[in-house]
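Chain nomenclature is as follows: A, B and C, assigned in order of appearance, with residue numbering initiated at 1 for each chain independently.
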């Protein structure tokens, strides 16, 4: 059984068809990278998985269970999400950003939650910033906190929506390093990214999307070094300059 | 000059009533305003319409007329339907006065709160929901606490406005600042000292409050620019 | 900074007062006299529902006096509280509004004419009330009256003296009656002729109880301080219509 099964996924915004039929599985421990030009539907696909966008048609299964409006809140606790613009809660301290989810959604023991949150901050190298507010952190630090926040819920998979696109270039590395460590530890990850180097190094599978379809998929080497489709070649020639 | 001082002191006797009515009304207005703002944000068409009609009716009629209807008309109507209702059983005419001020304020507060909620980046709601929070939980823990900071100055301005608007309550028998002055004027005919006194009594409430708001806004502006 | 603002404000206030009093000496060039009143005091004066005209005992009496003395009158309706300030600021020549010349220090602000009507206060209560007069009112009760009337002063005095729980002073008699019928107050302290006019149409729901009380009231018209020429004309006119029977005719018409 796959961890995520996507079947016949379609999504339209009004008359605009963004996803035109996506079928895709993600296996446990797999790192799936989604690449493609902007407007290709890759972020929309990711957001449909945890229903931040309501699919127009198609089904999503997590651990074999169909995701519906009714069970979405409990399904989301299995899927962490990391956003392009971090979306940390500005009125909460760094530590509180990590604990507010588990405290209110899982209602577990407060001391344990705090202890675990501190361990996660250590893991992303920000234990010293636990009592700071997000506005006092750099972009790279904020995104590392956002990853720790997602991990605090003990998710089975983490969805990354262009996690480094809003960062200054010198901060991209520190975020990618945290993500590489996660991958090594066997975390299941779905990553929408423009970082081809990261995809080549870390991904088990790469999908190239364009015009609402999956155009080509395979190992990083197959898709990124030896693309078969003309549109993939065209795209890669532009980003790899 | 003595007569001006007397007018001021007489008007000041109305300050406790004005302050108490305004305070209860602003709390009532904020609570009801939040409820209306949430109604107007829900997917339910019925709740949206209720909130919209409420705001239109309140904003479309003078508070004085609302006060007269509430204080005089409502007991009359209920009694004509056979009820034994009277405001005196609930604590007197100050009760409909507070209700009217609160309901009036709620219509304005709901707009303020709604714009405050809309000013919060939608990524905040998405981040909260992606942690498995329900919509209500996300509103309570993430959106509303942030919206409160945005709307605090507008909220305080509404309080200043409300303090001044309570002056219409003299018409329904509540002896607040203006009514103190009017009653004194009606027996002494010291018209000008009476109303100057009334104006000064309002000013000692509203001007310090406005200064506090300005101070807060400056502080926030400094903090934002420092961040 | 604050102190300075206060001084400026008070200075402005004084300048304004000075300008007002400086203007007070003048008058309209026109020989039409402006009579100011508050037309919510039937049967002395009220506004006719259909025509919007001010009708009642006062307008007809003044019309008779004006005819006798060859004066031209124009009526202006305003709040009762504004009547004396209106004369003081020269926006009116005569007050005729069922005004009691004995109340407060009114006589220091304007000159009153001869008394044309004497009245006393009465306690008006709902028809099923157990009250028997002003002395039977209990300290937990509430009474209402109109602002600027002797009744209004009386209910405030009674509240301060602890004789009643609250004296509610409203802007209009109609509000007082409604509050009584709604049960918010136990009674209304009202001028006898005013209450009688209400009872004419509401004797099935309300009644007077006990004897008249409070300060004796004398209704008179008033003119600006020192305008003795006009006051003498009005007094002469009043004496004349009392003599020729016109006055009694109006009393019969409005107070029976």
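We adopt the following convention: a contact is a pair of C-beta atoms (placed from the backbone, for glycine too) under 8 Å apart; a residue touches a chain by one contact, two chains touch by 3 or more.
Just so we're clear, the structure is a prediction, and the values are computed from it rather than from any experiment.
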Connected chain clusters in the absence of subunit B: A | C
Most central chain, judged by mean Cα position vs. mean of all protein Cα atoms, is B
Which chain has its C-alpha centre farthest away from the C-alpha centre of subunit B? A
Inter-chain centre distance, subunit B versus subunit C - centres from mean C-alpha coordinates, in Å: 36
Subunit A and subunit C have mean C-alpha positions lying a whole-number Å distance apart equal to 81
What whole-Å value do you get for the distance between subunit A and subunit B if each is reduced to the mean of its CA atoms? 46
Across the complex, what residues on subunit B touch subunit C? 4, 72, 75-76, 79, 84, 86-88, 92-93, 170-173, 175, 179, 182-183, 185-189, 191-192, 196
Enumerate the contact residues on subunit C facing subunit B in the complex. 10, 13, 16-17, 80-82, 84-85, 103-106, 109, 142, 144, 147-148, 152-153, 156, 166, 168-171, 175, 178-179, 181-185
Under the stated contact criterion, what part of subunit B meets subunit A in this complex? 121, 123-124, 126-134, 137, 141-142, 145-146, 149, 227
Per the touch rule above, subunit A residues touching subunit B in the complex are 50, 52, 73-74, 76-77, 79-81, 83, 85, 87-91, 100-101, 104-105, 135-136, 149-150, 153
